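By written order: A, B and C. Residues from 1 in each chain.
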Amino acid sequence: MQNIKAIFNKSYSKYIWIVIILIVWEAVAKLTPVSPLVFPSLELIGAALLNSILTGDILFQMLFSLGLIFVGLIIGVVLSFVMSSLSVISPVFESFVDTCISIFDPLPGIALLPLIILWIGTGTKAILFIIVHSVLWPMILNMTAGFKSIPTIYKKIGQNYEFSSAKIIFKIYIPASLPYLIAGLKIGWARAWRATISAEMIFGASGGIGGIGWYIFNRRVFMDTPGIFAGLVMIVFAGILVEDFFFVKIEEKTVKKWGLS
Amino acid sequence: MSETIRITNLSKLYDGRAILKDIDLTIETGEFMCIIGPSGCGKSTLLNLIGGFIERDSGSITLQGQPVLRPNQECIMVFQEFDQLFPWKTVKGNVEFPLRNNPHRYSKERIEELSETYLDMVKLKDFKDFYPHQLSGGMKQRTAIARALVTTPKVLLMDEPFGSLDIQTKSELHQTLLEIWKRTRTTIVFVTHDVREALHLADQIIILKDGGVYQRIENNIKDSEETMKKIMGFLSP
Amino acid sequence: MKRLGIILSLLCLVLVSGCTAQESDSHEKVIRIAEQYGIAYAPVQIIKDQGLLEKNCPGVQVTWEQMSNSTVIREAMVSDKLDVGFMAIPPFLIGWDNGMDWKIATGLSSVPTGLVAKDEIQSLQDIKSSDRIALPQPGSVQHILLAMACQKEFNDPQKMDNILVTLSHPDGMNALLAGNDITAHFTSTPYLETELATAGYHEILTGKEAFGGDFSFIVGVTTKKLHDESPEVYEAFKESVAEAIQFINDHPEEAAEILTKYYDYSKEDIFTYLTAEDTEYSPTVKGIRKFSDFMNETNYLKKSTTDIGEVVWENTADAEY
């Protein structure tokens, strides 16, 4: 019992659970009378995934989606940085931003779809708009909270050494609010994925091979259930990769090391 | 001795009420001045005015003949709060921070040399690669003092820097501070509400009361019970 | 170890109960039908409104499920949540190709369908890679008709596949008329007529041209389970569809009056749509083979039908293969 507990306390316990889930999955697919159209076995999913990788565009579609998320996140980070900096400086702007957040944050991007189609159209721009909309508001909330959490004496120290405002922001404010910025980025990343997949499912390829959302949608309309799962596997895989090799590493190098987490 | 700071006719109002009125004070170069007084008497306000962190309502403050209008590098403040250190920098990184980002550029060798010197002075050489969250309160304040001194300012402003420390650590830091003062001869303005601390450290003690300088005491004999009694007498209402 | 055992057995319990929950099957007469709206589905609304199923099979319990598109209907029929659905032939064939146990029971309607484009675009040849074509979804009848036209025109059925945008009919119409990036829309009655009535838009391809003849736009599909286990309900369903079609064809004005309850159009408009030259309500299934062969050749299907009995229940006389 102790040994088992010890195993699940390790950092790789996630992977043990994944293996257990896969075993249960396969058992259900094989041992119960479910239709493979509803519950395909791992071999079928694996074959579909391999086939999509070898003969299809799934890797490029994945890169396309990740590229969109990346661009969307950068726009979101820059915009939220500007907006939260301004709202920390000016109380007038702060009340404006607060109003925007209470109006727009609860609005799912997908609910705005009819308007986006009319105003922006249906291309990559529209998908980017949905991504930025879904990441911007929670990130502003996080960044503003981060800036507000900075001890006032940090500003005094910066002034004491006669630093320029830019230097105070980049050398003191940003590292000081980094735990909040990372938390905001994590939320942004998760929301950007969701927004991208749902927008791609609706807007389709729009001039290229499309993204992973389009792949899944296509598998669905052509009733290729193992293909749907192949797409999901790719998304889960990307999610774990980014979580374990990007956010965890960043946190280890920063907030964990600084004792801020 | 020449004067470093001259304060004339200084007044500061909060919500229309004068917290400091018509203060005249000169601080000589190399002096260790403690400002004491009951809480709310404006000690910290006076220190922040000298540092240029807040604006005065009337009067003037000069630092070596130049009017003080904003915070400046020649008057570095050390705070009571432990979180005045940057958690994302090591002890050494914190001490080097003002040098690395200084408008006046320091060479790499000079930065190394200065940070080593002051880390040595505050006895933190063995802890230079520690992050603030790994330090005790006393070590944090030592780091803050090293960081304040590393740019060799004319004046060190200290706002109850040892107020949150236990007695043992406090007296260790007193000793270190006096050693540093003797070596660097930096002018120190030190605010405290602890009369014994002032008696131990200062050579000049200012008693602030009712918004003005109530008494100025030459503290020639350190830790004297007599002076203690005298001050308590002044402070009682 | 004991605790782990408990956890595992709980897990099994959850799985097993999840699987058996749906098995509680009573042998009452039940029919679950997808309810879809639109001129092409007019007989469905007539069946519901006139209680035709209840009349033809006394005691039957009818459940109407609101469903928005053929993919959802297909998924519901796979998971045994639905017995009857109405859809175009291509989505039906995709399900059949992937091993679904279902067949066509009856034809339903043919309505005008076509590709509407901005006036600058005169023909398929004028469509550039920067243009965007909106249609309901890949694998839909609109998509396959477009692929058929591309096959004829460019010898490349997938020519337009990368400029498709998946939008429902109303969203597609709004996008086209908004004048942004959508420059063409493959749609059907009544959106087709609304778009054509707007200045600046015209039809560059009709469904008939693309297909090269007549075909059933919507057919009625039932699961094997309904067909085999409840033959009298199945017969009643077929009978009801036939009666509803008969009713619309014989009394279009009355039918239009009834349909005003279900659609947001005036009686006059509905009457016009019902009696339009290109609109036909008929239980005869047309065009299966052509769709099947084309979709097989172009790899939208892995196999093609070799015998009509594979895709239509025993009433093959009603089908033009």
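Heads up, the rule we're going with is that a contact is a pair of C-beta atoms (placed from the backbone, for glycine too) under 8 Å apart; a residue touches a chain by one contact, two chains touch by 3 or more.
Not measured: the values here are computed from a predicted model.
Number of steps on the shortest path from subunit B to subunit C, with steps defined by chain touch: 2. Chain A has the Cα centre that lies closest to the mean of all protein Cα atoms in view. Between the CA-based centres of subunit B and subunit C the separation comes to 82 Å, rounded to the whole angstrom. The distance from the centre of subunit A to the centre of subunit B, each centre being the mean of the chain's C-alpha atoms, comes to 48 Å.
If you average the CA atoms of subunit A and of subunit C, the two centres end up 36 Å from each other.
Interface residues of subunit A, counted against subunit C in their complex, comprise 1, 4, 24, 28, 32, 34-38, 113-114, 117-123, 201-210, 217-218, 220-225.
Those residues of subunit B lying in contact with subunit A across their complex are 51, 53, 70-73, 75-77, 79, 81, 83-84, 86-88, 97-98, 101-103, 131-134, 151. Interface residues of subunit C, counted against subunit A in their complex, comprise 1, 3-4, 11, 15, 19, 71, 74, 78-79, 91, 94-95, 97-100, 129-130, 132, 134, 137-140, 161-167, 171, 174-175, 178, 180-182, 300.
Residue ranges on subunit A touching subunit B, taken from their complex, read 151, 153-154, 156-157, 159-163, 167, 171-172, 175-176, 178, 254, 257-260.
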